[in-house]
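Dumping the structure here so I can ask a few things about it.
Each chain carries a letter (A, B, C and D) given by its place in the written order, and its residues are counted from 1.
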Amino acid sequence: MSSTWKSNLSLTIFGQSHGEAIGMTLDGVPAGEEIDFARLDAFLLRRAPGNAPWTTPRKEADTPEFLAGLIGSEAGGKTCGAPIAAIIRNTNTRSADYDKKIPRPGHADFAAHVKYGGFADLSGGGHFSGRLTAPLCIAGGICLQILERRGVKIDAKILSVNGIADDYINEILRAKEAGDSVGGIIECVTTGLPGGLGSPMFDGMENRIAALAFAIPAVKGIEFGAGFAAAEMTGSQNNDPFVLRGDKIETATNHHGGILGGITSGMPLVFRVAIKPTPSISLPQQSVNLETLTPTTLEIKGRHDPCIVPRAVPCFEAVAAIAALDAMLQKRGTPCRYH
Amino acid sequence: MSSTWKSNLSLTIFGQSHGEAIGMTLDGVPAGEEIDFARLDAFLLRRAPGNAPWTTPRKEADTPEFLAGLIGSEAGGKTCGAPIAAIIRNTNTRSADYDKKIPRPGHADFAAHVKYGGFADLSGGGHFSGRLTAPLCIAGGICLQILERRGVKIDAKILSVNGIADDYINEILRAKEAGDSVGGIIECVTTGLPGGLGSPMFDGMENRIAALAFAIPAVKGIEFGAGFAAAEMTGSQNNDPFVLRGDKIETATNHHGGILGGITSGMPLVFRVAIKPTPSISLPQQSVNLETLTPTTLEIKGRHDPCIVPRAVPCFEAVAAIAALDAMLQKRGTPCRYH
Amino acid sequence: MSSTWKSNLSLTIFGQSHGEAIGMTLDGVPAGEEIDFARLDAFLLRRAPGNAPWTTPRKEADTPEFLAGLIGSEAGGKTCGAPIAAIIRNTNTRSADYDKKIPRPGHADFAAHVKYGGFADLSGGGHFSGRLTAPLCIAGGICLQILERRGVKIDAKILSVNGIADDYINEILRAKEAGDSVGGIIECVTTGLPGGLGSPMFDGMENRIAALAFAIPAVKGIEFGAGFAAAEMTGSQNNDPFVLRGDKIETATNHHGGILGGITSGMPLVFRVAIKPTPSISLPQQSVNLETLTPTTLEIKGRHDPCIVPRAVPCFEAVAAIAALDAMLQKRGTPCRYH
Amino acid sequence: MSSTWKSNLSLTIFGQSHGEAIGMTLDGVPAGEEIDFARLDAFLLRRAPGNAPWTTPRKEADTPEFLAGLIGSEAGGKTCGAPIAAIIRNTNTRSADYDKKIPRPGHADFAAHVKYGGFADLSGGGHFSGRLTAPLCIAGGICLQILERRGVKIDAKILSVNGIADDYINEILRAKEAGDSVGGIIECVTTGLPGGLGSPMFDGMENRIAALAFAIPAVKGIEFGAGFAAAEMTGSQNNDPFVLRGDKIETATNHHGGILGGITSGMPLVFRVAIKPTPSISLPQQSVNLETLTPTTLEIKGRHDPCIVPRAVPCFEAVAAIAALDAMLQKRGTPCRYH
């Protein structure tokens, strides 16, 4: 009960960072939907490493191989209604250098060790690796193409890195030089969603988006609309007045972030996530040897992303797209909408 | 697919604010667990209205009636393994004064109207009302008693109201006088949890807690551990060093908030939520008449909570308790733990 | 994870035979659906005891009280989109005469004792009682009314009792005289379903119906279309030729029972269930005292249904209706059908 | 919502008969479980075609490739707690000869056409093909090895083919000569299960097993214990008396098939399934051209299994194993069993 999300869509993400392959299955996508591989690859490329001076030089060949769910050509395919399955082969061999005995601060190593009794494959982060966001982006990229044909647009962008809103690239380079790392905040905006999507209580749009967003390692918080700032506003400031735009009812402001009572209002759906700094840093860190139960100083070898925020941006577009398509596949609340 | 949460526990919350009754069913609770009604009532009383100068004077008789799942006496009962069901009768009659034609800014009225085509029961907020957190607290209060017998302690408290950390009561009274409202931030800390609870990806502790927390109206954001502040820290600041406390491995700091890779580390599980100001205010607000499609000014009659933050505190203890017990009911990852 | 079924509809059934009340919550029913209480009561009356010479004389007041999900009058109501909740109060007091120490052959007593460690409420069968089919029929009766307005008709009937197809009432009376009991076979036919409902694999129509049907105590088997008889037919006999009826494609025969590959074909959906004889009989039976671990002879006091088959008939109409509406609430596989 | 089954285990089956690959993901398997590939291959070989005179000569290379979830060697591996993913490459190229316009009687073609609007990949049966039982057997074979180490044994066998219990091979050969096909009945017995597994209502052992069994094409019915025969027995005949075997409580007979109230009794868990004759036969059959809407006679080219019953036997051991392990991963009902 962990790596499968079952709603109207069913998404399973599998693989370990240094295993044979990573991949995903996505079930529930209607038949007849066109998938353009070039556009999907372009989307995936946005999260691939090695494309900027500050990211890890490791090159990953992240072009997915589709095994099921499409009838297609080289250039793309059409969904056939069966579960879509795609994999990405791992080119990294199982790194011998990883030391399981000493948990890395900020990583899942220790918790995984407690849960899996030492059987966990933690090499390269295993199933907990940020690399597992690649299959998430495959699923999201598919949903994005379907949504775009229906006038839904999803854009995520960096709001700040290490607290710096503009020119934050220097923050990343500075952290890199220092052998340290930095985090940041990403905002995702979905426009063109019809009103009436989602539900109250446990299947509201926030619940769906949060349940998907926290699958992305390093996410420490999520907020919708005005978010935490709303806690410092009065009702008269935060309430969004209803106004007429032509014959359409909208709100003059969008502190509610496009969601009221878990249901879309038709206004842009806005959420922000907090990304913690990459736990892998070259600076020496204090840890404990799990076998000898003695304190030890850990120095993580190899080169790592000083900041994953830029690469994480498309991951939240993926999250927003999966949640939006999932909600659109749910029948409306009104009786007129039956099969 | 909305008001039922199905994991190891299955929770369904039902009822409308002015309907016959509100209630909950909770399935999956092991048999033989003692439930003390007096302690449960004391817990529920913390979210009941009318217990402080600043809350609405409406008195609700929120003592639950247990219909199923317990074998018991007047004073309490023992779970029998069957689903637990409890209801609270509504004493408020269906208010005639509520005007469905004019959606209240900040409320679910408009979105519900779009989704349910005007069939929604929005009187008093209907199924979207904060009153529906009473059954959530019944479920949570039951889980709390089970957890406490296993050394798990859960405490939530107000961090700030309208940005004021101390003496925030004046903020509430000031808002009340002004016919306005204020929100705030609540922090919930769970101690005594074993390590190894939860999972990576979609059933991590954050995912579970967020999926439950966003069922509470007015929640606009949630963060774990350092949360959004982690986005302004470096890795060397945010990573929690592992240290030995006797023969137990802990972390020197707790920026991770007791969760690593979706799995509990054994450190206190810490999350914070942002509560928006109560949308119901007496100040005139701009809205649109859904029938005539003309702009109109809305003045909400009756007296309302100028701030629900104090009453919301136990709701998040309930959320934490349900998520924790749900995770404890999941088999550990190791083969030694089979049936 | 037991008494809640979550698909497009979410159904929770709660209560013990001699507890305060039994009931159900049904979530996911679209808003604006009219529910006629008189017709619902008439449907429920078909499973109520005491309405025939051969059934137990116990009179149950099985008129449901609706607590949530409807906006209505005395005569009925309209669904409002919120979860529907209804209960039936138990008039039977907790019978003191039930002896937990001696499991009744054919009952769930022993298995429940092993699972719940003796905490189970088995008085009158507890949560395992056939009485719990009353809430199932409330849910099914609601779905039936919705389906009927869309041209779907569901009829179940007795095929045989104790192997006798005609005049089986004497079989029941003979069993009653002998202090024994008999079972039988019920067939349920659903007509008017559109083709294309359901899915391959785990959410096929058979899977849904079976998952609901086995919630009814005493069901020992289920078959679709030709069922077990198909195992003795050749392909040329069992395959249903496609034929034209006007411009509609149908099959000349219906051995497939209206389901091909888990998906409705548009032909009548036909299934049959085997009902075992009521385990409660007055004849002495061999059992074991759970406390003393000594063999003992059990004589079950009180009067019991010598055959529940007649009362079970509407339960399978309920099962068929819940499964059909659930499938109709699922989006079609084709892209044209989006929100 | 179709090819993913989510309970304590999460199983997704993907692939089309003539697509790139078929495969499965299985999540929730505890870490540290040894998987012996040779034994798994031997298990899979039992369902592979081409191993008997009466089966289709098509040779499939059904050796699975494990992509995730195991840390291992050539000979096998240990589960690491992450989702297990395995695929089987399809060697058959997409057959050009399949005619989508004319639905084959007894096949899913027509229903799939209605549901997927003609986008379905039905070549070789597509996602509806019996070939998809190979990944089901991979999942089941893994569960079997885990269960066997805990003393659980699962054996399925043919009871009859075309109504013939003994020497049924001639039935198959006769059907083959005639260009026809035959079905049969398979019985599966699980021994060594502890009592107390499963639940009442919707997650009973019957519900779980049926939900998995009907994922196998050609299954038209399922029965437990005495099954349909119980409908012709009296209570005094069908009730299983409790007896002492040493200090263990068992039943003298096993008409209940090891399940009482959805919960295991500790007696052998017995179920039988009805398999319809293979729909693919060479005899001419009546159908309708979906494009021209004219009656037509269909002659299916190529050679097909005259009987899939022998190859289906291990599939039901797989179903029983998945259901049993899933139930064993559920916490017992008693409070002593917490984490």
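Here is the rule we go by: a residue touches a chain if its C-beta (ideal position, glycine included) is under 8 Å from a C-beta of that chain, and two chains touch if they have at least 3 such contacts.
Note that this is a predicted model, so its numbers are computed, not measured.
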item	value
Interface with more contacting C-beta pairs, comparing A-D to A-C	A-D
Cα-centroid distance, chain A relative to chain B, in whole angstrom	25
Intercentroid distance (Cα basis), chain D paired with chain A, Å	35
For chain A paired with chain C, centre-to-centre distance based on mean C-alpha positions, whole Å	43
Per-residue multi-chain contacts in chain C, two or more chains	1-4, 8, 13, 31-32, 81-82, 112, 115-117, 119-120, 127, 197, 200, 330, 332-334
Contact graph of the chains (line, ring, star, complete, other)	complete
Residues of chain B touching chain C in the complex	1-4, 6, 8, 10, 12-16, 19-23, 25, 27-28, 31-32, 65-69, 71, 78-85, 87, 112, 115-117, 119-121, 126-127
Residues of chain D that touch chain B when the two form their complex	8, 30-33, 81-82, 146, 150, 194, 197, 200, 327-335, 337-339
Chain B-facing residues of chain A, complex	1-5, 7-8, 11, 13, 103, 105-112, 114-117, 119-120, 127-128, 132, 160, 162-163, 175, 178, 180-185, 195-204, 206-207, 210-212, 214-215, 217, 219-244, 247, 249, 251-252, 255-257, 259-266, 274-281, 283, 285-288, 290, 293-295, 330, 332-334, 336
